[in-house]
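Sharing a structure here in structure tokens format.
As written, the chain order gives the labels A, B, C and D, with residue 1 at the start of each chain.
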Amino acid sequence: MNKNWIITPLVVNLIRIIKKSVNIELGLNKKIRRAYGIDEIALVPGERTLDYELTDASFTIGNIRREVPIIASAMDSVVDVNTAVELSNLGALGVINMEGIQTRYKNPEDILSQIASVGKSEFVPLMQKVYREPVKEELILQRINEVKEMGGLAALSGTPQAAIKFRETLNNSEIDLFFLQGTVVSTEHLGMDGKESLNIRDLCESMEVPVIAGNCVTYNVAMRLMKAGVSGLMVGIGPGAACTSRGVLGIGIPQATAISDCSLARDDFFKEIGRYIPIIGDGGIVTGGDICKCLACGADAVMIGSPIAKSSSAPGKGFHWGMATPSPILPRGTRIEVGSTGSLERIIKGPAVLDDGTHNLLGAIRTSMSTLGVKNIKEMQNVEIVIAPSLLTEGKVYQKAQQLGMGK
Amino acid sequence: MNKNWIITPLVVNLIRIIKKSVNIELGLNKKIRRAYGIDEIALVPGERTLDYELTDASFTIGNIRREVPIIASAMDSVVDVNTAVELSNLGALGVINMEGIQTRYKNPEDILSQIASVGKSEFVPLMQKVYREPVKEELILQRINEVKEMGGLAALSGTPQAAIKFRETLNNSEIDLFFLQGTVVSTEHLGMDGKESLNIRDLCESMEVPVIAGNCVTYNVAMRLMKAGVSGLMVGIGPGAACTSRGVLGIGIPQATAISDCSLARDDFFKEIGRYIPIIGDGGIVTGGDICKCLACGADAVMIGSPIAKSSSAPGKGFHWGMATPSPILPRGTRIEVGSTGSLERIIKGPAVLDDGTHNLLGAIRTSMSTLGVKNIKEMQNVEIVIAPSLLTEGKVYQKAQQLGMGK
Amino acid sequence: MNKNWIITPLVVNLIRIIKKSVNIELGLNKKIRRAYGIDEIALVPGERTLDYELTDASFTIGNIRREVPIIASAMDSVVDVNTAVELSNLGALGVINMEGIQTRYKNPEDILSQIASVGKSEFVPLMQKVYREPVKEELILQRINEVKEMGGLAALSGTPQAAIKFRETLNNSEIDLFFLQGTVVSTEHLGMDGKESLNIRDLCESMEVPVIAGNCVTYNVAMRLMKAGVSGLMVGIGPGAACTSRGVLGIGIPQATAISDCSLARDDFFKEIGRYIPIIGDGGIVTGGDICKCLACGADAVMIGSPIAKSSSAPGKGFHWGMATPSPILPRGTRIEVGSTGSLERIIKGPAVLDDGTHNLLGAIRTSMSTLGVKNIKEMQNVEIVIAPSLLTEGKVYQKAQQLGMGK
Amino acid sequence: MNKNWIITPLVVNLIRIIKKSVNIELGLNKKIRRAYGIDEIALVPGERTLDYELTDASFTIGNIRREVPIIASAMDSVVDVNTAVELSNLGALGVINMEGIQTRYKNPEDILSQIASVGKSEFVPLMQKVYREPVKEELILQRINEVKEMGGLAALSGTPQAAIKFRETLNNSEIDLFFLQGTVVSTEHLGMDGKESLNIRDLCESMEVPVIAGNCVTYNVAMRLMKAGVSGLMVGIGPGAACTSRGVLGIGIPQATAISDCSLARDDFFKEIGRYIPIIGDGGIVTGGDICKCLACGADAVMIGSPIAKSSSAPGKGFHWGMATPSPILPRGTRIEVGSTGSLERIIKGPAVLDDGTHNLLGAIRTSMSTLGVKNIKEMQNVEIVIAPSLLTEGKVYQKAQQLGMGK
């Protein structure tokens, strides 16, 4: 690798930072920036439309091409062996949580049933108890084998600590993709003396499969992770339905801005190095419209949890809960009841029987592309966006209240 | 037609695009624009007021003058033969859906009753079944004849595909106006090889009645449609009460900005060519106040669905549902219960017995004009507007909750 | 009066218009201005505080000094003879609706009881029926006499039409102040040929009592009304609790901006002519905090309806409804249940037994002045204001819902 | 003390005022500033992360170092002798209200039980009655002694009037810190002739313990209080859960801006004088995320009420009410039911069994610091912030309504 490119991006970074509109006065001691969420934007049709059949929503990650730009989150309520296989067959991808119930318990069904049936106040203690059971190397291998035997793509997700611990196991398996995932992943971690500090470059080099890393939200971290050798980037901190990071830690950046920033890093990196690293918008995505907006902000694909947890085959049995691994001292995910609204096929490829944007996600993406006159994800990233807050006005609350039967 | 004018508008377009305030940083890779909805604006009284009797709210479309600047949407829950005639007699206009229940079924009453009575979960499947019945040429002609025999104006609406298919039928009928309508209409459509691609100019030329087209939301598409020969433009994508385009596709542009942009295209076109093409604000309009705001943004008239669906003679029987024709794979309209609040006459011309702005819409428009001191729609388009968000504050929710009987 | 001053304000007006920040692009055809409501602002304490006893909240209108800068609205649910007298004794002022129930019916009690007892759907028709009874000259005189005999200030309110019609009656009475009030009052009214057009200057000159006029919302109209000879200005269109002008007509301007604009007209007029015309903020004022904000925006006093309708002696009997006189064809006021929370004295002067800012309004004003370190209303008009929207966030709805007992 | 430094800050002040972005037109007569609340911001991760064990959240106030940057508010529902001791032991601090129930009643338990059991309408009158009992010197001393005997830190809070009255008592006690607290504290108070006016400099000099003063919200007042000799500053007016100052008086400034402004005063003062005065964010803080945001805005610690009132040992018994001392004529605090969600230890140091950010506040702060890559509070004050309003959108209300069981 030519060392010259390292200097150039640094200059680019500097320019990016200067270019950022950090022009709002929070108070006398700080100027800050406005960031936007996907609820605040909408897409604008242009002068051209396109036949649905001409649209192509595929993307490529770690040399694997997928017809559907949707990755199901590595959450215990979302993906198990069966859904991973089913998602592969549908042209999408499902990631199994390497530190979850599937790899801690030989028979996870009982545990999943318990989680779905306890009351609200017993949820956190149950979760803390369930996750005290250690992760087992043989179960990791077993889950990978099960997926591969059924013809699916084996994608697993783990924290940096787990990645180091189980690296050898994974390298000896048939795994296709590894997702290195923490609330926030940095390229510079300060640890206690004597403690092994994570070097993402080393990890990428020592793993025999492509490593997709995240989550990150800024240009600089995205750039550094790409330089460290990752094959994909998960973007998004805070916005997920079952994620309470913003309430607990105050941390989060609205998704539209995060994707926009990181996708510029991707483009700059591609111009310099010639390697195209896909950006995966992750968190807060509920409907087909949300996915379309993430793509228009610059994402190549999305990672979604709650929309998949609603499928009749999801392991969550109508429930969805956050955080791959709950902290024993500061749990941050919460459990929400999402219900079961249809088969995984109906959710991914339709036909829809719900009109709220949660069925036939691929159809929604391609219909949006057709309406916006774009042929592929690359063109989708360039459609015009407007700030169009769907803010709640008095009138709308009134309407809503009446629809909910609270009216006069 | 002089070909010279084609160059000039191109330059004009360029200027418009430069003039647009695309000055908000969504993120590092995109600068975007703020767009406004009608809930975010209000009209400002000037120095003059006017007698109610001096106000004139009429407008002209396709050489047909209407006293009331209101067009009822081509939706199955809104317009049938009887309401079309009644609306004509009241000085307004009603458009029949050429691809709806009226032209698929000889006796649509049973179907309409079924739609009004099924439960929420059965609605989408029922609709998909109902619309599998093909549209019949003889029913199109029969509905036109029924309207004409009763002395009404015969206005029908169809998708581009239907317009091509039934062009001959319509040309051999007594139809007065044709509304060419899709979620988004473009002037440049890319189709599969060998498939007939829509040329709006050809269609306008081959139709023997004035063609009103839409929906569009931008200056450039509006300008191109006018150049293609349309006699009116429907403006609005996304904001309708029964429309879920924004949720499903991510597409939409707030109505005030869309009308403002397209009405400039109308004015520029008029300056160049001398033909005045009315702009019809379509979507999200609930009250008289909403209509007044659309006119002040630059519209010549409005197209409304749910306010007309509330009339006792509406075919929806107290229900309203979106989308002229539901997609079998990705339905986007939803059904809402709107109730029946009074006769069509009471809704259009009063007297009102409701105080929420949904009765006596013409009276509201003319009272607003009188209060604002403007004589006609043209002057109404120039009144001062302010950004005045009726945002929901904490106090208002409290009040509202108490009014709804949820209090302490 | 020297004619020279007429030219100067015209120049001033021009400058004001240029000075206005009409810098937001609504769309390509319109630049507009952001206006602010009192819910969006808050007052900032300075470097000085003051003893409560040193504060003086008095103001003067038509040479009548009032200790309390509060005028009760001329609404049938708010002021009758008894409340007018009680308000006078408390140092405030109450205005009787000259075209309301008190002057149409000798014994208004029955009518008021009916209004308080009918169901929601019967309200508008009842109101339209009640107001078909004509206004009676002798009842106008009787109400004035009753107030005067009990030692109160006799203030009445009427529309321009009624002012012309009953001018002689009023001139022959002991009335103290006349409030000329319409939704919007202009200085230039275009009427039908042969119809008497209102000339406010003539009206002011021919009335033997000071005329307070409104409502207006702009610098120019305020300036013209002052030039026409009014002794006070009511400012505010749209924001009232029982007013639906914005929904029905689309008209309204947020109160903070309206007061700010009109109070500059007052200051400019005072500089030129030497006459100080008080500005009365009218509409949307619910709490003591709201009053304080109106004063800080530039008002000299406020006119309030619903807070007074909550008093146990209010004629509305726990209800409040809008519009002095309902239109037979386009009614715009609505009826809301406000309850009876305490005596008029408790509401105006305390002591408060509610902690939500609706009791002891004078105490709230003076405590705010004391906290902000200002001695009188004139200084109060100069305190620092910040934009501080009390917008509803997700967390707050949650809290609120739990407080309302809707929680899990 | 060198008098020279007094001139320099005046110049600095002038520059600050000029630097403030007072650039929004409220109306023609006023330009104002936008202020931000903590609900409108979020923290942005940088390029570095840190081991949890490397973080240090301690701060120092009046030479007393505390491991936890949390001070429990001097409210009767929050701190009594037992909780003050427990908080000291946990590394935090609890302030006893010197004019509250603990110092008016020898046996406060009965009174606290009554407050927790009365209905909503009886609350204000009960409070007014309860606080008519005078504060007793011997009880002040007794509470201080009780805390000291159990090994806690004795911190008390009083109004300026009480501070003057009980100065000698306090100087003869073992008190550690004194909090001088009013809704708004100014350095220049205008009193009636002959009435003793508060001189904060004299008070600080005559008190034998460090004096922490507030509340203030502006650069200039903060600077003057520091010059007067205070050892800490409470920042925040209006935002508290049980505080209704904004509704009653119209006064308040969003917390993020207030902390930012005052922390610049702290830094400027430190540069000039070399004394570091901690800034304590006070009001409106509910979760760990809120605390993290206050620190990032520039605070050194926070003062919290309702989160502590939720502990099983809080004197409020599941209730929380505002204002140290209710006004007999204009009460401003309100009572809210907060419930009892866990032990004080669980709330301060965990482990959490709730996932909403209200348990393990220290863990939340340190996890946030670890994620943001900062070692201590000083570094935390420099993390990047974005404007990221968690505004309520239509979709979110719908979700929320469904979660609350109000769904279809």
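Side notes on the structure shown:
We take it that a contact is a pair of C-beta atoms (placed from the backbone, for glycine too) under 8 Å apart; a residue touches a chain by one contact, two chains touch by 3 or more.
Keep in mind that this is a model prediction, so the values were computed, not measured.
Interface of subunit A with subunit D: the two copies contact each other largely through different residue positions, with under half of all numbers used appearing on both sides.
Here the C-alpha atoms of subunit B line up with those of subunit C after a rotation of 90°, rounded in steps of 5.
Our note on geometry: subunit C versus subunit D, Cα centroid distance of 38 Å, whole angstroms. Note on chain placement: the centre of subunit A and the centre of subunit D lie 38 Å apart, centres being C-alpha means.
One finds 54 Å separating the Cα centroids of subunit B and subunit D. Shown for subunit B are the residues in touch with two or more other chains, namely 33-35, 247, 257, 390-392, 395-397, 406, 408.
Against subunit D, in their complex, subunit A makes its touches with residues 24-30, 32-35, 37, 39, 124-125, 128, 183-192, 195, 216-218, 220-221, 224, 237-238, 241, 244, 246-254, 257, 286, 327-334, 336-337, 389-392, 396-397, 400, 404-406.
Looking at the complex, you find that subunit D touches subunit A at residues 16, 19-21, 33-36, 41-51, 53-54, 219, 256-261, 263-264, 267, 287-293, 296-298, 350-357, 359-360, 363-364, 367-368, 371-373, 384-388, 390-399, 401, 403, 406-408.
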